[in-house]
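Supplied in structure tokens, the structure appears directly below.
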Amino acid sequence: MALALIVGVGDGLSASLARKLAARGYSLILAARDTGKLEGLAGETGATTVQCDAALSEDMDRLFEEVDAGSEDLAVAIYNPSARTKGALVDLDPTTVRTALDVTAFGAFLMAQQAARRMVRRQSGTILFTGASAGVKGFPRSAPFAMGKFALRGLAQSMARELHPQGVHVGHVVVDGSIGPAGGGSQSTNVNPDAQLDPDAIAETYLSLIDQPRSAWAWEIELRPWVETF
Amino acid sequence: MALALIVGVGDGLSASLARKLAARGYSLILAARDTGKLEGLAGETGATTVQCDAALSEDMDRLFEEVDAGSEDLAVAIYNPSARTKGALVDLDPTTVRTALDVTAFGAFLMAQQAARRMVRRQSGTILFTGASAGVKGFPRSAPFAMGKFALRGLAQSMARELHPQGVHVGHVVVDGSIGPAGGGSQSTNVNPDAQLDPDAIAETYLSLIDQPRSAWAWEIELRPWVETF
Amino acid sequence: MALALIVGVGDGLSASLARKLAARGYSLILAARDTGKLEGLAGETGATTVQCDAALSEDMDRLFEEVDAGSEDLAVAIYNPSARTKGALVDLDPTTVRTALDVTAFGAFLMAQQAARRMVRRQSGTILFTGASAGVKGFPRSAPFAMGKFALRGLAQSMARELHPQGVHVGHVVVDGSIGPAGGGSQSTNVNPDAQLDPDAIAETYLSLIDQPRSAWAWEIELRPWVETF
Amino acid sequence: MALALIVGVGDGLSASLARKLAARGYSLILAARDTGKLEGLAGETGATTVQCDAALSEDMDRLFEEVDAGSEDLAVAIYNPSARTKGALVDLDPTTVRTALDVTAFGAFLMAQQAARRMVRRQSGTILFTGASAGVKGFPRSAPFAMGKFALRGLAQSMARELHPQGVHVGHVVVDGSIGPAGGGSQSTNVNPDAQLDPDAIAETYLSLIDQPRSAWAWEIELRPWVETF
């Protein structure tokens, strides 16, 4: 079959994506800064895990050596990581702003460039970015997150205009809200489960983007729970 | 099963939608100003056809009497009609502007209100509008189309914010480009088939919106062919 | 000097505009459905008043006969009227939706077309529309206002793309918030005066758009009070 | 009077801004990586020049020591620098992407934070960012510029929401097109002077933002030449 790469695995969305892609027959590579926590998911999905700090060129290079090690073509590449710091603008530590740009946007570029090199050659493949409402609306006391997610959206939009005519599909999924447990039903008693996104539900939209025929491609889609005001 | 209503049937997209919805087991009502041309499609999909000028309240009322005549719940309502006139602003006949607003936006309201009345009661159902890039970008020499499609988008966005928390899913599909024949392969020798949207491909996205769990709803998605510059 | 036309006079913004334009030496025509209330302002600014239902072609034609009656060129045309109805979508009277489209958008087209005919000839002039945040964001329980103001924005954007290269400046001013009394200082004790826009402050931005050299034109600007969340 | 700071001086826009602010009576500090080229402008406007690499925290700290050295309050702070690299995504040197983020967005944060600390205290002041159409539309073969300018816009929007209620005005000016010589009249014979923005015309809009009463603040304005298609 084909290979799917997920960078930034750990939270519920990545796990849902991994399970759904595995169920479709994709071979999987899961990359994370801390691969220790991925053992269960890797066992369940037959995935290879790779330790990788996404904002470091050398780590990303090493990850793609792993991608090239197998015989399967890279069909899907998904980028999830982000860094955020909340706080009054005047109080922010500048290093957290730089980290936000590095982890949220620069790492996305590093993965996307490597993935694009392999996909453009075959005029085929899908690159997906996990965005946030902070990428379309800059919230107060959240400048670093806004900067990182806006930059990510700019990358995705520029890539869509550049790579779509080369046969590579680029998608930016704006996740508006907090992600709850798969299957719904938050454990926490002070969270309204209807106010959270079920990661399995989000993952379905990722799959539908992967499935889109190139005659009618979307480059962006915004998802939020039915009860969410926006 | 359940009932699906398509208003503004005739072009390739409506026919693709009708076939895919019928294949899923929906009962169908197809409404058009001229139902003569729908006989083949109606026969193929088992649909009921209703003559209806979408911008006329009384026609829309009559159409929904037909919707209520059966025993099935209205699960899906899709609005397609639009009117456009190209030309320099200074040369436009004001009546064409009014018609554009009526057919593209006011008729959409009429259908959406009737559909919403039935869906809100059951806290369930999907209302979809066929938009255009003219609804997000006002092109020169095309003021009437811009006015109509912007108004349609305003309706859809207002409805999404109002009806999502009531369990009714509202979607606005921005179709960016001209729609070619189903299955691709334009008959015309001077059209690049890659530059047209395959109506079957568009219809797949309508279905994926209908399928979205309410935990992760999109209210808008933009579709264009892979080779389209934007 | 030159002539300035303001359609939809009555509220504080129109009066501020009239005073500031008169102070700059423009001759003024003020149009409103009810001109009775304009006597004071007309006296103060030396304006001619014309009774006009902006959504009626024949009224708009008559208004522009008045525009042509003098010897001055039409340099500025401003459109303010809008109609809104609040309420649940399912409860709206369809006639209020049609009225909202007519007053907010169709009347704007009627004025803009007549103004453009006179300005394109001279490759000079400014046409300004008073928008609202409802034109960029569709609020719940406010579908008619969203439809009208979105349509108005589509008109303005289409016109900007078409008429700017012909030397006619088109501007859409998004007023986000309620307009208080000129000079600030709300009479009402339960309104925070900081939360309202001073019409004199808004009018200053209209003037700055009129003043922009064509080398650096804006087609849209959003205004809100400093304390307004958005 | 009051102090105005311009970071990233050199091109025509900064010089126009410096001249117009000086003419209004502001004391000026002009910061640039290479201050050698600023001698003439500094002499003409009575400005102090400071050598500063805007993306370096220590340089920015040193610049604001200079700001604090005088007795005047910082009333205006303007950030202009940007870095761009054109080219196919697959061919880009990752270091140019990081530089684009650093110069275009991170440096803007550094200046804005320091300026905000001084302005929030007095609940007064204006911070302006020079944006580009690349910040609202990601162009192909221009990913680094898109990333940097999108991030800048995210910063500006987040700051506007956070600082406006604290009395500090934040503005993002989208300059759409190339900037020609002040006063128009391009020297080059193969440039249409109408297709370029006159920096004096752009600077007028910066001044009008500085002048806006807080009752009606804009946080963004887009400027382009009248003949520019968009």
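For clarity, chains are labelled A, B, C and D in written order, and residue numbers in each chain start from 1.
Heads up, the rule we're going with is that a residue touches a chain if its C-beta (ideal position, glycine included) is under 8 Å from a C-beta of that chain, and two chains touch if they have at least 3 such contacts.
The chain lineup, named per UniProt: A, B, C, D = Short-chain dehydrogenase/reductase SDR.
None of the values given here were measured: they were computed from a predicted structure.
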- request: Tell me whether chain A and chain B, two copies of the same sequence, contact each other through the same residue numbers or different ones, using over half shared as the line for same.
  value: same
- prompt: Using C-alpha centroids, which chain lies at the maximum separation from chain B?
  reply: D
- prompt: To bring chain C onto chain D by a C-alpha fit, how many degrees must it turn, rounded to the nearest 5?
  reply: 180
Task: Would you mind pulling out the distance in Å between where the CA atoms of chain B average out and where those of chain C do?
output: 32
- line: Chain-centre distance (mean CA atoms) for chain B and chain D, in whole Å, is 44
- prompt: Of all the residues in chain A, which ones touch at least 2 other chains?
  reply: 161
- prompt: Got a list of which chains touch which?
  reply: A-B, A-D, B-C, C-D
- line: chain C residues touching chain B in their complex are 57, 88-90, 92, 94, 97-98, 101-102, 105-106, 109-110, 112-113, 116-117, 120, 134-135, 137-143, 146-163
- prompt: Which residues of chain A touch chain B in the complex?
  reply: 161, 164-165, 167, 169, 184, 194, 196-198, 200-202, 204-205, 208, 211-230
